[in-house]
Each structure stands twice: as structure tokens, then as C-alpha cells.
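Letters A, B, C, D and E name the chains as they come in the text, with residue numbers starting at 1 for each one.
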Amino acid sequence: AGDSAEVIKIGVIASLTGEVAVYGNAVAEAVKLYVEQFNEAGGIGGKKIKIIEYDDKGNATEAVNAYNRLVSSDNVVAIIGPVISTPTLSVAELSAADNVPMITGTATHPDVTKYGKNYFRACFEDPFQGGAITRFAADYLKAKSGAIIYNTSDAYSTGLKDSITATANEIGFTITATEGYAKGDVDFKAQLTNIIQTNPDVIFIPEYYQSAYLICKQARELGFTGTFLGVDGTDGILEMEGVDPSIVEGMYFANHFAADSTDPDVVKFVEDYNKKYGKNPNALAALGYDAAMILINAIKTVIENGGEGFALTNSAEHRQLIIDALRATELDCVTGNIKFDENNNPIKECVIIQIRDGANHFVANY
Amino acid sequence: MKPTRLIDKTWFRYIINTIAVLLAFGLLVLLTGPTGEGGLLNKYMSQIFIPMGINIILAVSLNLTAGFLGQLPLGHAGFMSVGAYAAALFSIHTDFPKAISFPLSLIVGGIVAAIFGILIGLPALRLKGDYLAIITLGFGEIIRVIILNIPKITGGAYGLKGIPKDTTVISTFVCVVITLFLIHALIKSRHGRAIISIREDEIASEASGIPTTYYKVTTFSFSAFFAGIAGGLYAHFIGVLDPAEFGFMRSVEILVMVVLGGMGSIIGSVVAAGALTVLPEVLRGFSEYRMVVYSLLLIVVMVFKPSGLFGRYDFSLCGAASDIAKAIKKLTHRNKLGIHEEAGK
Amino acid sequence: MNNGETLLNVRNLGINFAGLQALDDFNVQVAPEEIVGLIGPNGAGKTTVFNLLTNVYTPTKGSIDIEGNDTRGKSTHGVAQAGIARTFQNIRLFKNMTVIDNVKVALNNNLRCSMFETLLRLPTYWKEEREAEERALELLDVLNLRAHAYDLAGSLPYGAQRRLEIVRAIATNPKVLLLDEPAAGMNPSETAELMSNIRKIRDRFHVAIILIEHDMNLVMGVCERIIVLNYGLIIATGSPEEIRKNPTVIEAYLGQQRGE
Amino acid sequence: MATLLSVKDMNVYYGVIHAVKGVSFDVEEGEIVTLIGANGAGKSTILKTISGMLRSKTGSIAFDGKDISNIEPYKLLGMGIAHVPEGRCIFQRLTVEENLEMGGYISKPAEVAAAIENVYNLFPRLKERRRQIAGTLSGGEQQMLAIGRAMMTKPRLIMMDEPSMGLAPILVQQIFQFIKELNASGTTILLVEQNAHMALRIANRGYVLETGRIVLEGKASELLTNESVKKAYLGG
Amino acid sequence: MTFLYQILNGIQIGAIYALVALGYSMVYGIVKLINFAHGDIIMLGSYAVWYFMTRLNMPWWLATIATIIFCSIVGIIIEKLAYKPLRNSARISLLITAIGVSLFLQNTVQLIFTANPKMFVTFIPSGGFSIGNRSISYTTLITIAISAAIMVALTLLVSKTKIGKAMRAVSEDNRTAQLMGINVDNTISFTFALGSGLAAVAAVLYVCSYSQIAPTMGSMLGLKAFVAAVLGGIGSIPGAMLGGLLIGVAESLTKGYISSQLADAVLFGILIIVLLVKPTGFFGRGDREKV
């Protein structure tokens, strides 16, 4: 029974405007999709989930302000987000002190979950996928050498560069050149000229898809014929309006899920997302969806375990209950079956996807 | 004639101002609680005072060069970042007790920024106007790129983490008060007059015996010093430093506060910095339209009040009090006249 | 002081602007408390002399010394500190500062309060500020500007602005005062007043004055000696009477006098 | 003679400062009319209002019978009114010759060269300095340039604001001589001067301005001998 | 050979910088405004040409013309609404307004088209002119040719035509220009239209080279082009051209031989050194005050 008008408030912090708005919007849209579906299906014993969403512009100060507002003014019971690593790190430390249940879908920086036991994430960490794609290059593609081009002003890109380099050293794979560029650059020809000079078999592009596409395009223009290897940020490259698929034909990238998977959960998600937003979901959307799913299911568990007349609040006690429920998560999600390790990171594999004939195709689990 | 003031004794004005500061302090403690929690306001509202204070320090210190010295620097965020990293590194790598380490780290941040101010000011201040703007913009970007590329020290793009979160509303307030006092003390002195005379006419200033280069560089490093303090506060507030935070847009944001408040008006900078910190928070509910509204507001204010909200108005408590007294007198006086007129009809 | 005779000694001064020899072979010795007039057609190089004396431009040749101190290599403010003060042909006041602050800026040289004392508002600061205020008011009194002391300099009437420029120059405590067309834009009665003021300043502050002016009544009235420049060269020097009658000067500068 | 310029009831404000208070006067075709008065009397303000840079609150300004009260400033030169502003206002960074060319902006290219030669004949000094950047000219040279520039289009009315300011005595005489010649060749002149003596000597008529009002008007020769004018503006 | 390639790379981006710098210089020359919104006009132009071609299915030439007209009109509107009221205020107020306009354009476009970048398919034939086993693409050749042609045309316009003369007069002193019979409002509007039209041309060439359109694309491009304009001597037409190419080549060589990470720092370092040695840039005219 209970009061059917009662709602449970969850906060969302995402970069909705600014330079990284694309990622934030993908996550926010997916979260909304899940919450809508969940509420339509009846919520938790009639109680609906309400999300309060704030923009952080991808900026640490804004994220801290948004966090404070959600916790102190809006009295949310838990928070999803932020989306990219820098704001997430500054919120992580604050929230650890308050012990607020937090889950980010997408912040891949290793330290995010290290400040306290309250922070969870739906994605794997950077070192993991960096290692995976490097091993894939050596084992599966039998490549001998590779070069890296990365964004020096971005923690995500730099982190992946480091893990690729480390794995390469470990397995004896040759890195012929490592070149950097700055945020906002659109001309990579100088760096690519240097890279091509060293004749690598593959080029690692640990970067989001917008720049990755430009890099591939210019590398081809400069006569590079080898293979491009990307990361989860590459996902979405084919969804850009007016993209020329031939440029990225044959590219491999590590990802959280394969949209062409026949797994019924994935099929349904892709379909629903498509219906609501008129486009295919990318990995960020899938992770946002999963984050929402994991958190809401934990809340559901808490309420159901609370028994008749239980009213969820944002008290310290209830926060701990949600955190405990989160830790016990075992759920079939879009990006795979999720269970958390002792550091609140999901234990899951990454998938390798190849772009063939203008579409993503699942290649292997790694 | 010398403007008559309600209270003409300097020492008395100082007592009044001290009392006002103490009252403000008391109010702040009441609102936010002694530790930033447990006051009348919730934590979110209390915490806003910190970025507000940081922005006030940044705006007022930039006003020193932009408003009083009359130069146009576009790299203030660069000094802020230098101060932030210096203070943070100091805190991370020393283990004094917090009560010593935090204030000391702020001073270290300020001094390192001031040294950069001198290093950059010496060559840059040979140029004027837009050229100075561009060259300081360039220095700001260089600082940022260098911070990004010495990851061993600064953490590079990963950001610098593990900075103790020592900044509180109270410590911010103390820094704001000290900054305002020192900058006010500087402006209202022979040095301040020399600085303003450079803005008014550099050649005449030289001809009156003012060593303009010395004063320009000094002002520049002063301004950088306070930006460094603000950086230190920021570092210990947010806990993580990301070089991207200190880009060109940050410098522009600070400049906007100064210009909006009025170049050469300290109270203007304080009010504008306060308002522009709160405004985006008020607009948080409309995140999509937030920046559009913000930019429109900027244009509209400039078009209708190009000298900024306060022009060059300088605020003093006693001055304001006597202004109000005068206004009341005038009002009552006019009333009498009004009655008189009616009677005459 | 070297035997009390020559205060300012300018030898062989010259400057060249991208091929244009604006001034050449300019020599002058000025005694303490002397009033020297500098006249000549427009573009003769008069203002240029002032710019060279104050090191606003660097001379291509020649030397300037004041009380035996060579000013070469000094900055403009260094020259001001050494004792040469000036006014400008086109008024250059600190328009948005009060009249008294304009004067206080020029007093800066004689104030000693360090940055430290200032910022901490030590008693020395208060004492010095009080003294500066009094001194500035005294100086303003000399040219009847005290009533305007707390107005913005830019709001003063034109004549008062010219006077303020002179007060500001005196405030640097100079030994030589350079006045560039102080009577420009003044009507005859204002000019007459200025004439008496110039003498007053010389007597009261014991300065030597070099005066550029196109108003012959003023020049002939106050100057003890006049130097005439044309095309950057001195074409005549002498007493006002001598100059008035000098045919070269009449031809180049004065023109045929109206039969008055 | 026809009335060329007619100003009626001009009132101009700078914010709250009432600078010109109900001034009316006429300039006949072919005349030299001078406005004299102390500093700040409002002389320059009147000229600026005629040329459209300031607006009068009341009254009207007519040129050659046409109302020009609300005309945009740039159209005046085409109608035949040139204004030599106070403080010279030459184009500082252009050369002397380029300044003159600008003066001929509205005339046909073919006429410009001849007009420049004409100016050079009047002011040989400018010819010597033709390639110099105008901002580095001496004060007097700049004044010559400003006058020369206004003559580039052969206007019907030239308004001059203190043309003798800062000029050497010989040049002052030359300039007044030149104004007379200019007038003799058919150009009407409205002259604002501090140097009342010289101005009244060449003018046909004069108006004496005090704090924004015309306090005296009449034939120039009469004003020259008027006691109060003598006392206030002629120095004795 | 690599060296030659790096030079070619530099020329390619430099030609675009040059074109953008020309627009900056024109506007700066006349209103002494660092028009921070100039980069965003390029962004607007990129969206416009993309919209005209993909949504309205215009042929490329018509889309280009429409874009130029569109940008010119936007330029005039911005000038009339945001800059004109401030013509006689302090320069810094104008600068802040320009920043406001820049933010406004970026965020409005983002509201309409989202932050997700659009891809533009170039209409300039691929391939190019071979040098070694590299080639200069036709796009680059066309960009250089157009920049050079525009530079010549602008130089002629400013020095030979009536409107050019008016532009110079207004840039010196707009009050006095009125007394010369020059319509200042029209002249300034014309300059903005011209500058924005140049931005439109730059936008079209830019999207042909780099194919990606995003709301924030104008900022960095604008900044670098501005640096180029200052380096060449702001207000100077050949200066803008030279500055653009120089910045492009310097950037490319730095990335190629010094450090790709520090490229921006080196770029600004060059600017600083040049300004310190020659404070008005290569071709800038100093305006030393006469005392």
C-alpha cells in the first residue's frame, strides 16, 4: 500500500552544456528512458522515481555546487553521475565524507571509487580497456608495432595512452611513436606525418569519436593504410550526421556492449532508445541506462526489505542501506552481467567491435 | 569644497568599519554555522559562499590592474592556477599541522603567483592596450600547457589530487576581508595615486616623477599575488586541480565580473562577483537556457550601462551613511516645499 | 651648485626624426631664477626642445646637465626627480582624479612612506598623508585653485586646467620649470593674470622658467631673455627689446606689426 | 544679400548642463560673421549643433532656405557647409596629403588633384611636409592642414572654430588674411574666435556670447569700439 | 622530405588562419574591436552551408552564396544591436559585449543543433597536386588561391575605392570622418558585412578541409587566427595573410620537430617574442603619441 503520490528523488549530475555536452546528454537521456520505463511498470509498490537533473558543464566547481544542492536542498536519496572524470573526482571526495550512495555510468578514472565505499560505477576502468585493445592488437591482429596519438589535455585520453604503453611494454609490443595534441585541435597532420614516418602496423586512437574520426580521415589522406584501434569513446562514430563510413572501415574498438548483440536485453534497449530518441544508443547511453538500473534496483531492494510502511529518506542510516544493496548487486544489464568487486568496480569483460560495411560488428570478448 | 562627511574622524571610521566587518562575520557564522554546517542555511547554500569569496578576491585583484592601473590583462586565470598548484603542492608535500599548513600554503601560492607576475609583467607591460591583452592571454595559455605537461609534479591531465579540503566559509571570509583591506589601503595612498595617474596619462605621470614601470610591475605582481591566494583557496576547496579549469574562458569570466561591476570600483567588483557566482546557480533549473540567458544579460548590461553597474563609484560605509542622511534631509525638505506650493495655489 | 651661475646647461642638442632634423646645435645656459622665452614659428622645434629636456625623446646628440648632473640615460621620471618639470602644449591632466590628487601625485617624490607602512597603515603613513594634504592645499592656493581642490580635474574650466598643470609641475619641487604655451586659449584678461602668476611662482619657489608662447604680450612682458628658433636652429637670442627689432625674427616669426 | 544660414532659438544641453540658451542669429551670403566670447561660453557647441553632431532641443536651423535641424552630419558637406573643428581633428596617422584627399572625399577624383595644389599654394609648408604623418606635425602645421582640408570641396559656408589657436603671430596674420581672401572669392564664413581683436577686424558682423546667451550683436567695427567688449575681450 | 611535408601541412591550415585573420583585421581596423565573435560567425557559416546543402538540398555554389549573404546579414545585425550603442564607450565594454555575443551564438546554436558535431561532405574533388609521395590537396590549393585573391582584392578595395577611403577615415576618427561627408554608420556596417562575408568564405573552406561542425569550433580557430592577425600587424591586410601562413607553418613544425604536446605554448611564445621585438607586429603601423 503506502501513499501512491509519494516519490523517491534521485539526483543526476551530467554535462548537459559545454564542450562535453554530447556525453552528458547521452547519459541523461538513457537515465530518463529507464526511469520512465520503470515508473510505467508501476514503480516500487506504486511509488514513482523522480529525477532531479543538474548540469555541471563538465566543470569541477559546478559539479560540486550541483552535488551540494542535490544533497542539501533537494534531499535526494542517491545520485547518478557525473559523466566525465574530473568533476566526478571532486564530487567523489565530498560524497565519501557524506556517505551518499553514488553511481557513475561512465567515469573511467581509476580513483573515482577509491575515496569511499559509497561510490560505484557501471563501466570498467581505463587501464582495463587500454590493456585489452593492446592485447587484441598483438594476439588477434598479430600486429607487430603501433603508434599512439592522444589528447594531452584530457585525463581519459592520457590515461588510456598510459595503459596502452604499459601493456605494450609488458607483452613486448613495439610502440613506434607517441604523439599528442591539445583540446580543440582539428589538424593532426603534423603528428600523423611523424607517425607514418615510423611505419606502424596500427594506430591507437584513445579518444572520443569526434576527434577520432578526424584523425582517421587525415591519416588516410596522408596515405596510412594500416588499422585503426579505438576505445569505448569511438562508439557513436557512425551515428554522426554525414559521416563517411569508408574512412573508418575496418577499425576495431573496445566497448562496453555490442549494439548488434542478440542478447534480448540489448535488443530491447536499442529498440526502446531508438523509439524514444530516433537514434541508436552509444556506449555512454548504455552505461547511463545501466547505472540507473543498478541504482533503482538497489533502492527497490531496500524499500521491499523495509517492509510495510517503510519510508525511504536521505538519513545516514538509509544511505547505508542503499549502499549495502548496491554492493550486493547482481543484475543482468545492457552492458553485461554486473557484480561489483571489493572496490565497487564492475567485474565484466570488454567487447571488441569492428566497423564493417558501415556498421558495428561484434568480434570478440576480451 | 572638501566633501563633508557625517563622520570625519578617521579613527572613528575605522572603528565603525571594524564593527561592520565583525557584524558581517557574526551573520555569516549564524547563517552557515561555525564549521560550514549547522547554521540557518543548508550546506548547499553555505558552500556557495566559498566560490563567491574566491571570485571576489579574483575580481578585486584583477580590478587593480584593469580598473586602477588601466591595463587590460587577459591571463588572470594563469596566475590563479600558479597559486593553486603551488599552494596545493605545498600542502601535499609538507606535514605541518593544518592550522599552520593551510595559511602558509595560501601565502606560498600568493608569493609564487606574484613572482610569476613580475616575470611576466616585466616584458609584457612594455606593451599597451589590446597588445597587452593578447600577450597576457598568451602567457596564461603557456602556463596552462606547461602545467599539463609536467605530470610528475602537477598530475598533468589527470589532475592533482589529494589536496586537503581545508577551505571553509570562515577562512574564505577572512581572506576576502584581508584582500579588500590591503587593496583599499594600497589605492588610498601615495602608491595608489601613482597607479591611478598611470591609467589617466602615462606621459604626464612620468613627467610628474612617477616611476611608471616600477609601479606597473608592482601592481601587476600585487594583483597576481591575490589571484594566487584565490587559487590556493580554490585548490583546498575543490580538492582536485584540473588544468582545463584555468583556461582562457576563466580569465574572461573574471574580467566580465570586473567590467560588469565597474572598472575602478571595488564595491562593484564585489557585488558583480557575488552576483555572477549566484546567478548560474539560480538558473540551474534551466540548464539548457542558462548560458543563453547569461550571455544575453551580459550584452544587455553592457549596452545600457557600459561603464558597469557601479561606474567608478567607491563605497565607504560612512560615506554611504552620510549620503543617505543627506538624501533623507533633501526628501523631507522637498516635502515641505511641496506643501508650501500647494498652499500657494 | 656650480658657482651659482649656470643651473641648466644644454650643449649642442639635436634630434633627427627619420631624416627630419627637427633640432640642431641647440645651446642654452639658464641661470637660477631666470625666465627665458622660447619662441619661433610653428614646427620650429620648440616643443621638441622640451621633449628632449625631459627625455621624452632621446637626443641624437648633445648633452643636458642640471646642477652639473648629466641627464643622459635617465628616464623621464628620473629627469623630473633631478629637477626639471613641465606642462604640456595639449593639456594632460589626470582628468578623473580630484584636483588635489593631481597635485599629490606630483608630490610623490618627496614622500617616503614605504609600501609596508602604507599597507599596514602605520602612524608614519597618517602623518605623511596629513602633511601631503596640507602641502597640496598650500600649492593650490598659489594659483587660486583651493576652492576646486575636491572637484574632478576634468570638470574644471579650461583656464583653471592650465593653472592646475602648472601647480602640478611645481609640486615636483623643480629647479627648472618648462611651460609650453600656457596662455593658449586664454583671453587677454586671463593672460594678464597668468603673467603675474609666472613672476609670483619664480619668486616664491625660486625656479628658473623656460616659456614657450605665441602671445607676444606675455613673452615680452615676463621674459628676461628670449631665444628664437626656426627650422630647428637658433636664429636669435637677446632681450625682448632686441628680439622685437630683429629683422630676421620679424620676417620669420613676428610679421609686420600692426600699427598700434 | 540672401540669408544663407539662419539659427533660431537654439537650446543645447550636455546632460543637465544647459550650454546654449535660446541663441538666434543669421549669416548672410558672402559675409564674415564672428562669434566671440570667453572660454566655455558655448561657441563650439553652437558650431557642433549646426553641423549635426549635437541636437538642439528647440527651434530650427536653416541653410539656404532648407531646414537642416535634424540632418545627419555627413550630409552637410555635400550641401556646402564645411566645419573646421576645434582642436584640429586631423587624421593623425594619415599623411598630410592623405588628409587632404579625405577632405575631397565627396568630390570627383579629377577635381581632387587640383584642389590639393590649390591648398599647397596657400600653405607651402604643407607641401614640404606632404609625406609626413599628420600626427607628428607641429601644432601650427596641423591647424593649416585642418583649414586646407576644409577647402577641398569649395564649400559655400565654412565654419571655423578658433583657427588662430596656437599659431605664431605671423601665421595668425596670414590666416586672417587668408580668411579675408577666401571670403572675397565668395565663401561665406562663420568664425569662432578667442582672438576677438583680429576676428572683429576682418568680420562684417559679430555676436558676443556669454554663458550660452548672445549678449551683444552688431557691426564688427562697432563692437571693436564698444567699451564693454573692449574691457572684456580686447584686453583694455 | 618529411620537412617539406610538415611545411605543406602548415600551409594548409595556415591558409585558413589567414582567411580568418583577414576578417579580424578588417573589423579591428575600423572599430578597434577584438571581435571575439568572429570565430563564432565562422561556426555559424559552417552550420549555414551544411544546412543549406543537406537540408535544403541546394547545390554547393548556391549554398556558398547563401552562406555569404547569411553571414553578412548576421554581421550587420550584431553590429547594429550590440556594438553600435557602445561606439563611444570605453573599448573594454565593447570587448566584453563581443565576448557576450560569442557566448550567445555558441549556446544558441547548441540549443538548436545540439552539441553533437555534424559531418560535412566536401564538394571539392579529393586528390591533389603531387609532390613526392604526398600531395597538396585541391582544397588546400583552392584555399590558398582564394586567400591570396581576397587579399589582393581587399588591398585594392581599401586603397583605391571610395568605400575603402571611407573605411580608412572612419578607422582613424569617426567624428571627423563625418565632417568629410562620410556616412559612418554605413561604412561600419559595410565593414562588418565584409568581415562576416570573409568569415563565411573561411567557413566553407574550413568545412571542406576538416569536415566537422560543432558549436564550439570557432573559439580556438578564432583565437589562433587572431594571434596570426596580431603577428602580422593588426589592421594590415598583407600582415594578416603572412601572419596566418606563418602561424600555420610554425605550428606544424613545432608539432613535427619540437613537441606536439607543447605546440600551443610554442605558438604563444613566438607571438610574445615577436611583439616584444616589434610591438606592432610585422606590418603594423605604430601610433606613437606626439607629446
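Before moving on, here are some points about what is shown:
Basically, a residue touches a chain if its C-beta (ideal position, glycine included) is under 8 Å from a C-beta of that chain, and two chains touch if they have at least 3 such contacts.
Computed from a predicted model, the values in this text were never measured in an experiment.
Touching subunit A and subunit E at once are the following chains: B. Set against one another, B-E and D-E show the most C-beta pairs in contact at B-E.
At the far end from subunit D, in terms of centres built from Cα atoms, lies A.
When every chain is reduced to the mean of its CA atoms, the largest separation from subunit E belongs to C. With centres taken as mean Cα positions, subunit E sits 34 Å from subunit B.
If you average the CA atoms of subunit D and of subunit E, the two centres end up 43 Å from each other.
Averaged C-alpha coordinates put the centre of subunit A at 38 Å from the centre of subunit B.
Chain centres here are Cα averages; for subunit A and subunit C they lie 74 Å apart. Looking at subunit C, residues 47, 56, 88 sit in touch with two or more other chains. In subunit A, the positions touching at least two other chains are 17, 152, 182. Residue positions 145, 148-149, 203, 288, 291 of subunit B are each in touch with at least two other chains. Those residues of subunit E whose C-beta lies close enough to touch subunit A in the complex are 2, 5-6, 9-10, 12-13, 50, 54, 107, 110, 114-121, 133-134, 137, 210-212, 214, 216-217, 219-221, 251-256, 260-261, 263-264.
Residues of subunit A touching subunit E in their complex: 17-22, 25, 152, 179-182, 184-187, 189-191, 193-194, 197, 210, 213-214, 217, 221-223, 240-244. Residue ranges of subunit C in contact with subunit D, taken from their complex: 17, 20, 39-44, 47, 89, 157-159, 181, 184-192, 214, 216-217, 252-256.
Partner subunit B is touched in their complex by these residues of subunit C: 54, 56, 75-77, 80-81, 85-86, 88, 92-97, 101-102, 104-109, 111, 113, 115, 118-121, 125-126, 128-129, 132, 147, 149-150, 168-169, 171-172. Contact residues on subunit B toward subunit C in their complex (touch as defined above): 1-3, 10, 182, 185-186, 189-191, 193-194, 196-197, 200-201, 203-213, 218, 312.
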